[in-house]
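In the two complexes below, chain A is the common chain; its partner is chain B in one and chain C in the other.
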Partner chain A sequence: MATFVVRRLIASIFIFLAATYLMYILVSLSGDPLEDLRTSTAPNKLQLIEARTMLLHLDVPPYLRYFIWLGGIFGFTGKGFFDLGVTVQNQPVNILLAQAAGSTLQLVTIASLVAIVLGLVVGITTALRQYSGYDYGVTFLSFLFFSLPIFWVAVLLKQYIAIGFNDFLAHPQIVWWLVPLLAVIAGLIWMSIIPGKGLRRLATFGIAAAATAAVLIYMDMSNWFSYPHIGIVGIIITLVGAAFGVTAISTGLRNRKALYASLVVAGVGAALWYPFIYYTTGLPFWGWVGSLVALVGVALGIGWFMGGDDRRPVARTAALVGLVAGAVLSLDRFMQVWDDYAQSGRVKGRPIATIGSGTPGLEGSLWVHGIDLFTHLLLPTIALILISFATYTRYSRASLLEVMNQDYIRTARAKGLTERTVVVRHAFRNALIPIATIVAFDIGGIIGGAVITERVFGWTGMGALFQNGLDHVDPNPVMAFFLVTGSLAILFNLIADLVYAGLDPRIRVS
Partner chain B sequence: MSNLSSPVDPKGGVTDHENSIELKDIAGLSQGQIVRKRFFRHRGALVSMVVLAFIIVLAFTSVGVAFGDWKSGGWWQFTWNIAGDIENNGRPTLSLFPFAIGNHPFGQDQVGRDIFAVVMRGTQQSLMIMVIVGSIATMIGTVVGAISGYYRGWTDSVLMRLTDVVITIPVIVIGAVLGRRFGFAGAPVLAIILGLVLWTGLARLVRGEFLSLREREFVDAARVAGARDRRIIFRHILPNAVGVIIVNSTLLMAAAILIETGLSFLGYGVQAPDTSLGKIISENQAAFATRPWLFWWPGVFIISIALCINFIGDGLRDAFDPRQRRMPTDRALTRATFVSEKSA
Partner chain C sequence: MRIRRFAAVAATVAVSALVLSGCAAPQSEIVEGSSLSVAWNQPFYSYNQNTSFGNATANANIIYSTNSGFGYYDNTPSWVKDTSFGTYEKISDDPLVVKYTIADGVKWSDGTAVDAADLLLNWVSLSGAENTPNFDSSEFTDPDTGEFTDSFPKDVVFFDSGADPTTGLGLVSKLPEISDDKKSITLTYDSPFVDWELAFTSAGLPAHVVAMHALGIDDPQKAKDALITAIKDNDKTSMAAISSFWNSGFNFTEMPSDTSLVVGDGPYTITDFVADQYVTLTANTNYTGANQPKVQEITVRFITDPLAAVQALQNGEVQVISPQATADVADALAALDVTVIGGYEGTYEHIDLQFDQSKSGNFNDPLVREAFMKVIPRQEIVDKLIKPLQADAEVRNSQVFLPGAEGYDDSVANNGSAAYKDVDIEGAKALLAQANNPNPEVCMLFSSTNPRRANEFLLIQQSAAQAGFNVTDCSSPSWGGLLGTPGAYDASLFGWQSTSLGVTNGPPPTYNSKGINNLNFYSNPEMDKLTDQLGKEFDPAKQIEIEKKIDKLLWDDFYGVTIFQFPAVTAFDQNAISGISPGPLSPTIFWNIWDWTPVTAG
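Moving on, here comes the complex of A and B:
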């Protein structure tokens, strides 16, 4: 195994070097780096040309200039290791890259995570409900998303999600006809997801529609959009629901120990609601993460002690419920500063941002900054998700369908196992193998695709670094961009190979 | 098991009744006929074919085609590069109730150009780019994959490492760099360049297909009969891999149209005075609040084309893949059950 990894790593490094060489040459030859100076009317034109030639070593032909750049990376230029050179404007690329990489990686990581989770869940449910209305609907939607130009979606999102929603927030009154419309839509969606025939489908429709209408009317009456909250009642309902739901999927409701442990964790979460608000007021970021970890740890402990003979699955279930509890409590905490954030002098009542990666000069606690990050990430994340979501849904659906037709699934059913055990234990785990590799392959591509997204939403991330460099025929910033995206792509390809070998015992690495 | 009237597996598993339907469906048909039959059963793909054909005919007949200075006229009264008087504030005159097309069904832009004509011209360019990219990438990908999979050894290593090098660079990035250099030379050149970049995925797939096909008996038989390598590759193995190639080159075309629009949006794609759907959108995105039709119509055409091609690709995949079965209808299944019970 170790030799396999080392050999793959060495091969990857050589391929990456070749790719950087190709890229450097292509960028250098993509235009004339002195074009703006040649046409300028400045009296010291010749000196300027001379200065830029010296600065960027333009007197050296590109196929040799690459090695000057490579020498900088290995520290031969005397400026230490990993020196990426300077831009046309004589700014050090290292500093620019450090500024740019953070926001891009943040965007891409969050978007990929959400897309993977959503895509998996939707793909698997469509595979389980193959040839239902839900399946056909999702299939059509994923083809549609797959065919959308991202910048086109982005402009629509800006107009309708950001500007439209901000207008709505200024006078948050739901139009009367929207309530029955949304209720009917929600009812139809639930009806197509939940199996059943005749009366049962009608009942599903009725319950879903009524619940949606009730929630909407409550939100409207209680001025929810101006002062969003979950509240202790909402938290209790969510956590008890989560306890039942997680147990049903993870161990099955027949495992009473797991159910009771989850309910206890849900109770602990609800009891923590009030203390959590005060405890977290001045909390730094790591303090928050620490509290979440502690909460999950406590839940794990509860599961362990209540587990009896079969501790592992019970503890796992309880920990998952603990995670949900932490998420719900934090969400409620974020919502409590929403009004302060939306009405603050910097935001001026238009919270959903269309441009940039953060409100400049915003002051406030961890929670205010969290909301600020959320409002700025919302649109670009939706845009990125729409596209990769389609791929993941299709792949996970196909993968699970393939597995569900295998003989061992038939055997599992014939043994009399419950449908939950068959799907979660036997099918889902095997379906994950191809999905894991595809996800890893995709990550590099998503970063490349983020160039367009960043441009539309005015993020000054690595996409801007790339574009500015390319516009000035300046290889250094472009190469900095490519170093990050390319090495991530290679890293994830390697991970894909390892994951494949690790998950599937049939694959021998030699 | 065939004489058991076993209950039909509700999860869509393969039962003997389904098998008998499948077998009866394809009895006495050639491979091509089976594929065609399966493809026409995919309703989405069929509708997409019709819509795509309609778009192609509309785009090429309405405003005519132009190559350099040579131009053929179309039946539409305006052309894409001549500005007219602005009527009705440039608003679209197309309306459904009552149905009317009017002078400028898609509206006009700031200088009075007819948006229908502009969008039709953009559609022509985008379609042309799609076809050129698709054919070049398919050709290179097939040849590289075939040679590498057939000869294996060091040929394979060299070709696959080359593929790895190209695949490491994100398509949009290498497309932007090359588009910056060659974009001004016109849409066909840009399309050729994109085709030279997009072949890598197909090459890998074809290689995998060849690696398994070359071990089959019919290849040995051909070799024993004295066929040369070129004949074995192109006459014997390639026809067996044609399903993978056709499906993926279709999907590649859908990707190409989106990449071209993305590049044009970034400013590295098609350059003025030439136009494409992506370029129309990027030129007009700031005007969305005041003239949304400048933005809606090209977008609708991009999405329709990409959606149609994706659906056709899906239909082709269903048609070529023998493992892909559609669940038979309840009626067909009861009939098959009935027949097999009677015969048993």
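Moving on, here comes the complex of A and C:
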């Protein structure tokens, strides 16, 4: 194992060095770094050209200039280890890189997590309902999203979800014909997901459509879009639903202890609603994280005490419900400040943003900043998800289908295990193995792959570093980008191999 | 009795309050709490725009808004003096002596007075007069970062301002005189310099801040005195520290924790700067000048993508945008309820013909040059490539004058450019026949990475082919380095950027046979005489007369053609802001930032 890792790393370093050399030469030869000065009519242009030549060592040919850059990495320039040089604007690349990496991570972390969870869930459900209307629908949509160019998706998202929705918020009244339309669509979706035949399908359709229509009418009547809320009733319904749902997947509803523990946790969550909504104005960020951890801990404890002989699964189920409770309570708390946020002098009633990572000059509590981050992250996150969604759903669907056709699944069914146990315990875990490698690749790639998304959403991160460098024929920032994305690619490739070996007992790393 | 007395007192109080508020009115026109956002396409990165690397419009916009000067370009563009900041007068022509005086009460945003110490620092930095002579800073420069190494001699003075001892403030090598009241400074030029008005236009960076940081002095006044002494005595140790801080102290990528670094003397000050996101400018309470701002707070947001800027405008995140003009932007803006102002930038597209040392040598013959100029489809280029971006775009018809600037219309009427208004295939054929060169080859140099220039090339190629020209492609990604290379090409297609109307930026360096921008080996003794004359002429009216002669001579000599001024587009939400009127020269839309007025919804 250790020899494998060391051997891989050593090989990677040499490949990487060669790649950086190639990259440096390509960027340096991509244009003329003095172009803007050459066409300048400034009287002192010769001095300016000389100054830039000195700053960026343009008098040294790129084939050798690379080694000046490399010397900086190894600390030969007297500025410490890993010195990436300066840009054409005389800004230290190290500082720019730190800022860019921070903002890119902020952008892609949530998008990656949501895409993975959503992709897995949808992929698995489509595999379980293979060749249903739902399956065909998702297949169609995921290929559609996959083939859309992101700059175009971004423009559409901005036009409809930001500008259109903000216009709607000025007079938040749902058009009457939209209610039956959305109700029918929701009914069809649920009907194709939930199995059954004949009357049962019709019932599913009817219930889903009616529920959707009821929610929409309630939202319209209660001015929900101006004052969004879940409220104590909504919290109770959600948490009880979560208690049943989580238990059904985690242990099965037959496990009464798990169900009761989950319901108790749901009750605790509902009881916490009032204090959580009204006494958390000055809560700092870590206080919020701490209280979420505490809530999950309490849920874990409840599960442990109520678990009896079979403590672990019960505690796990209760903790998951605790997590849902924390999330729902926080969501309601964020919604509380929505109206204050949207109507503030900075936002001026147009909350969904099309550019940037925050509203300039906005001051307020943790919740206000959370909402602000949400409104700015929403569009770029959707854009990023739409692209990776397709890969995740297709791979997880294919992987689960393959596993479901294996002999040991038939064996498991033959010995009388419930369908839940077969799918969750036997099939799902094994289906995750190939997904793990894709996720590892994706995390490595997405940090460098958000170049266009960043640009169109004015989210200046690694992509901007890369593009500005290329525009100015300035290799230093491009190399910083390449160093980070390249080493991440190598690292995550290695991690993917190790994870594969860890998950699949048939593979041994040696 | 008592009641009447009370009424009298009340009336007096009321009247004096009215009078007081009336007096106070011109000092504060700000609409309280008003805020606006403007989009700009590049992040701000240095508060010192006079370094060799800090000269960018993104910096100039911010620095212009936060600092005043003796004058500025308006949207005509013409030079406007700001006497509320200070005055200047030319005391003698030869030697050229100019006296600059700061107006009374002008303060930096931290309350320190603006005075001769600031002017002196600006002189010493821009002139490079005290830079250590013959010092090659590259010997002591970190080979990787370009910054100075530890072994950099401590007594070396180097202001990295790109100073040139043959032009501009570089010509003021003698220590200026400071008046006794420390309000004025008198510069004496070594030789006459006609653009003296543009050479020294502001107080530059705050001298007390530079000196306090560089010399470690806490008291602003003492710091200023120490700076004046250091400059007067040419104290190498102190000047080395001052120049080093001047070079590097004002480069930041986010709001510096030390706010003295953003001290300015203009209508606004920087109050927030989030890396790569925005700069917030807030009205400067210590500003006493004539250009009082009307908006309390202006946020300049950095949006690189032109279409993203349009949608941000539509979504109300910004109220003013000035994106790169593209056809997409023009279409998108046309669909919105916003005010769109077409304009143009300082850069103009043109074709230069190589008079000598060309690849084929065809253009050594004036007949071939004339024939080629006749077949360049200038109107078609503008119609097909520029009008989609800007409906009212026009062909530029002068080699010297910026459209709209004083003298342009007169010159265009007389300079002979009318002969090339329309493509004249027959005329060109006749000329080529006369030159006994019916199928001359013309290799054209242009940027191969610029699609617009590639399209222009195709249009020229098609049109010229009809007259027998064989126009070939000499484009290259590193075309800039090839400019002026003997034997490399026959004609070049590129844009000159004008950043000022100064005559020393224009004809002399470009058309004089020894000029640094003379890249096509053009040499005409009469032109040399005219450009030399222009370089010595102080009277603006006479300058224009000489420039008109130069313009005509260029067209008569078949120098080449000008095609168009780069289009610029500005759009703003007329329901949120008024007073926007962009100018062609940096700082484009920001030149009248103090006229921007919030429109309050009724």
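To be clear about the criterion, the second predicted complex is superposed on the first by the 508 of 510 C-alpha atoms of A that agree within 3 Å, B and C clash if a C-alpha of one lies under 4 Å from a C-alpha of the other, contacts with A are read in each partner's own complex, and residues count from 1 in each chain.
To be clear about the criterion, a residue touches a chain if its C-beta (ideal position, glycine included) is under 8 Å from a C-beta of that chain, and two chains touch if they have at least 3 such contacts.
Values in this document were obtained by computation on a predicted structure and should not be read as measured data.
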| item | value |
| --- | --- |
| Touching partner for A:H229 - first (chain B), second (chain C), both, neither | neither |
| First, second, both or neither for A:A489, with chain B first and chain C second | first |
| First (chain B), second (chain C), both or neither touched by A:L148 | first |
| Contact breadth on chain A, by residue count: chain C or chain B | C |
| Which superposed partner A:S357 touches (first chain B, second chain C, both, neither) | second |
| First, second, both or neither for A:S30, with chain B first and chain C second | both |
| Partner chain in contact with A:R129 - chain B first, chain C second, else both or neither | neither |
| Touched partner set for A:Q159, first chain B, second chain C, both or neither | both |
| First, second, both or neither for A:R420, with chain B first and chain C second | neither |
| Partner chain in contact with A:R8 - chain B first, chain C second, else both or neither | neither |
| Contact residues of chain A, present in both the chain B and the chain C interface | 29-31, 155, 159, 455, 467 |
| Residue numbers on chain A that touch chain C, as the complex places them | 29-32, 34-36, 38-48, 50-52, 54-57, 68-69, 71-72, 77-79, 83, 85-86, 88-92, 95-96, 99-100, 103, 155, 158-159, 162-163, 166, 345-346, 348, 350, 352-358, 360-361, 455-458, 460, 464, 467 |
| Residues of chain A that touch chain B when the two form their complex | 11, 15-16, 18-19, 22-23, 26-27, 29-31, 130-131, 140, 143-144, 146-152, 155, 159, 404-405, 410, 444-445, 447-449, 451-452, 455, 466-467, 470, 473, 478, 481-482, 485-486, 489-490 |
| Contacting residues of chain B [partner chain A, same complex] | 11-14, 44, 161, 164-166, 168-174, 176-178, 180-181, 254, 258, 261-262, 265-266, 268, 278, 281-282, 285, 288-289, 295, 299, 302-303, 306-307, 310-311, 314, 327 |
| Interfacial residue positions of chain C with respect to chain A in the complex | 33, 35, 37, 43, 45-46, 51-56, 137-138, 141-147, 149-150, 160, 162-164, 167-168, 170, 251, 253-254, 272, 274-278, 280, 297, 299, 301-305, 307-308, 311-312, 314-317, 347, 447, 449, 477-481, 483, 494-499, 502, 504-506, 509-510, 516-517 |
